[in-house]
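Below, chain A partners chain B and then partners chain C, in two separate complexes.
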Partner chain A sequence: MKIFEKMSRIDRRYIYILIAAVVIVPLLLKPKLPIIPTKPVKDIFDYVENLPEGSNILISIDYDAASMPEQQPFLEALLRQCFRNNLKPVMLVQWQLGAPLGTQGLEKIAKECNAEYGVDYINLGYRPGYVAQMVGIGREIRDYFAVDYKNVSVDSFPIMKNIHNYNDFALLVGLEAGATYLLWVEYAGGRFKQKIALALNAVSAPDAYYFYQSKQIIGIVGGMKGAAEYEMLENKPDLAVAGMASQSYSHILIIIFIIFGNIAFFVEKNRMKKEGGK
Partner chain B sequence: MLKSKNIPLTITFIVGIIMIVSFFIPHRPFGDIEQISLKWYSIIAGFTMLLGVDSLVGLHYRKIKRKEENWQHSIVLIAGFLMVVIAGIVGTVQFGSAFDEKSFFTYIYNYFIVPLQSTMFSLLAFFVASAAYRAFRARNVDAALLLITAVIVMLGRVPVGEVISPYLPKFTDWIMEVPQMAAKRGIGLGIYLGALGVSIRIILGIERSYLS
Partner chain C sequence: MATIIGIWIAAGLTLFIYSFLYKDNHFYKFAEHLYVGITAGYWLIYTWAYTIQPMLLDPIIKNKEFILIIPAFFGIIMLTRWFPSISWLSRWSIAFTVGIGAGLGVTGSIQGFILPQLRSTILPITGFDFATFNNLLIIFGVITTLVYFYFSKEHRGVLGQGAKIGMTFIMIAFGASFGYTVMARISLLIGRIYFLMFDWLGTIF
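And then the complex of A and B:
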């Protein structure tokens, strides 16, 4: 029984080492696991796939580096799909620290797909104001984004010629690390009937399921798993797919910890009961 | 008699009513007033960042001046803050945007901010594992139910769940779409009804704690 006593008092550093190992080793060995797209992810992919050529897609960067492994792979997969279908991404940023990530992702995929800035895509950058901006875009986007992220007038770009408000966007895609998506759903969706798709961090994805069920959003990409599913749909397995094995094995390890922790707990409890009985 | 609190209360009431009316009647003059108010809001939101900067720098400056505990950390913070501000200004002047890939600001972002933020967030994995081992106990029926559900969802939400059994992801989806959503929807409705009530109380001047 001493082993259980020892188990219940295990040094946490051993736990940390094991977690580090199950995260790092699969990244190096790259084992293949089946990734089957779920309906909420497939709904977004199919919706984008069926949009007419030349449709504008508003992409909101509402995350920062802490959520980069979950959000950046989806951003890149979505942009690949947009450029492949001749759709026009219009990027804006609600989280200041996400601005460089959005810019880097957009520039990387635009270069890969030979897309031209100002014609095939545009980056409007960050503006403060959250709700004010979301409601204001319903009337005229230039009231908030008169210039792009490099302070060049948006009217000098052909892509912006026919873009004024939500009526000119076939879809709004929010990449969300926090609760900004609630505002998009409330204002852009609720008030202006804008079609919305959300990519949420795994931790906040369950919060958005009721918007999906009530059809207030067209789909959900939940965490790195959702991004991996999107990469599979786009036929370009990338960083999210690579991270799936690490995530799988770390989940299994945590479950093993929970089981061992509970065995140790019950053995200890029984022992104390017996000792108390004596 | 005009009390000092009556002016902000009146402004709140008028603006609140205009916003509600303009939601239902987005035409002139309400639509125009709403758009102007939103622009003002956006501008004020921009200035709140200056207040934040003032507060942050002021706090750490005082800490250094009084040589309070760990005052050396404050020097690093202020030095880092100044470095990023200067890099941002130089990058904007040099390349038209601080986010240009050649700018020093982008270098700082990629090689300081990204690793720091990622490290902070990834530490969660270690804490969660340690906490799961030490604290996630089936002490009673409720805790046992929570624990079993968590284990099923954890397996069903990763590809390895499909390897264990093709039914596991489907069962996980059911948990997410039925019991989980029922609870979340209830909580959501409660939150929004509460928010609605507080908003009405603020507009009518019953709730005044924001003035103090």
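And then the complex of A and C:
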């Protein structure tokens, strides 16, 4: 019985050390675990893959540094797929602090794929407004984004020549750390019938599945696991794939903690009941 | 060289923050305060560079779009909340914002949430395949969950049983959310440890 009593009062720092160990060791040893793409992720990949060359894809950066490990790998995998298929990403930002992350990802992959700014892709930067902006883009994107992220008129770039509103985007991809995706679904999807794909932080992902079931979005990339699946589909394993072994082993450890914690709780409860009955 | 200095600063601040896991300390507090300060500064610069300048000042000065003085005025009187004697002025701006929000919200909710979700709950339940079973499960889950939130009658008898089943569905949803939350937090830890192991230690070894 004493072991359970001790277990229920274990110093939390031992748990932190164990978690750190199961994250660090797989990153060093790099064990190969199977990563099988799920349907919601594959649906996005296939949709993008089948778009005609030259299609414009609106990418909304709605996350910040706190979500970088979950969102950045997907952003890079998606951009690689876009440039490989001659699709044209148009990036905009709803979360101010996400602007440098989006720019960093876009410039890195554009350089890797020899894409030309203003011709193959464009970065419109951050604008405030959320709902007003989302509804406004349905009329004319220039009402909000007359200039790009460097304050250069968007009309000076060939890519923007035929872009005016949602009708000119084959897909809207939202990379979401909070609840901004609800507004995209509500206004861009509900009002303007824009096709939407969402990459959500794992915390938000379960709340968005009902939009997938109702076909309001074409697919979901949920957290680092979803990003790893996308990297596998794109055939370019990167940070997300590297982290999946750590992810799996730490989940096993947490499951063990939950099981032991519950056993200890019930044993202790039983013991106290018996002692109280004496 | 600048990149290496940046990596060292980032690594140092990461370790400062993680030192809280041992116990609260001055290094953690320093990193926390620095983060809050930098975020506020960053926010201010972005608001100036991407909102006030391109959407207000430049159009007024360069394009003579004087109509923009009206929203600018409403924006400024929002700040009168700091001065009790004239704080009533801010209600005009708030009324404007609430009016737009409510107007957009009502139509947006109906078009974007209520109708599509209702439509996706009206599912075919004829047949003996897995899809039919899935549809039945969705319909059953929606009805029992709604029963759980029906508070106009005491949860007894059939209503009580329905509410209990509804609560089970809600608990399953919470379980899924908890699982995903664990995954999210571990992902963040992986991201930081990956940075420390390969980016930071990579500059040393």
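The rule is simple: the second predicted complex is superposed on the first by the 278 of 278 C-alpha atoms of A that agree within 3 Å, B and C clash if a C-alpha of one lies under 4 Å from a C-alpha of the other, contacts with A are read in each partner's own complex, and residues count from 1 in each chain.
Simple rule for what comes next: contacts are C-beta pairs under 8 Å (C-beta built on N, C-alpha and C of every residue); 3 or more make two chains touch, one makes a residue touch a chain.
These numbers were taken from a predicted model, which means no experiment stands behind them.
Contacts of A:Pro128 after superposition: both chain B and chain C are touched.
Of the two partner chains placed by superposition, A:Cys113 touches none, neither chain B nor chain C.
When the two complexes are overlaid on their common chain A, residue A:Arg191 makes contact with chain B and with chain C alike.
Judged by the touch definition given at the top, the superposed model places A:Val267 against neither chain B nor chain C. Look at A:Ile24: by the touch rule set out above, it reaches chain C but stays clear of chain B. Once the two complexes are laid over each other on the shared chain, residue contacts for A:Ser250 go to chain B and to chain C alike. Looking at the superposed arrangement, the partner reaching more residues of chain A, out of chain B and chain C, is B.
By the touch criterion defined above, A:Leu33 lies against chain B but remains apart from chain C after alignment on the C-alpha atoms of chain A.
Applying the stated touch rule to the two superposed structures, the overlap between the chain B and chain C interfaces on chain A comprises residues 16, 19-20, 23, 66-69, 97, 99, 125, 127-128, 131-132, 135, 149, 151, 191, 202, 206-207, 210, 213, 222-223, 225, 247, 250-251, 254. On the chain A side of its complex with chain B, the touching residues are 10, 12, 15-16, 18-20, 23, 33-36, 38-39, 64-69, 97, 99-101, 103-104, 107, 125, 127-133, 135-136, 139-140, 143-144, 149-152, 191, 202, 206-207, 209-210, 213, 222-223, 225, 228, 244-245, 247-255, 257-258, 260-262, 265.
Residues of chain A that touch chain C in their complex: 13, 16, 19-20, 23-24, 27-28, 66-70, 96-97, 99, 125-128, 131-132, 135, 146-147, 149, 151, 185-187, 189-191, 201-203, 205-207, 210, 213-216, 222-225, 239, 242-243, 246-247, 250-251, 254.
Note for the complex: chain B touches chain A at residues 23, 31, 34-35, 38-39, 41-42, 45-46, 48-49, 92, 96-97, 99-101, 106, 109-110, 113-114, 116-118, 120-121, 125-126, 128-130, 132-134, 136-138, 147, 150-151, 154-155, 157-163, 169, 173, 176-177, 180-181, 184-185, 188. Touching chain A in their complex are the following residues of chain C: 21-22, 39, 42-43, 46-47, 50-51, 53-55, 100-101, 104, 107-109, 111-113, 116-117, 119-120, 138, 173, 176-177, 180-184, 186-194, 197.
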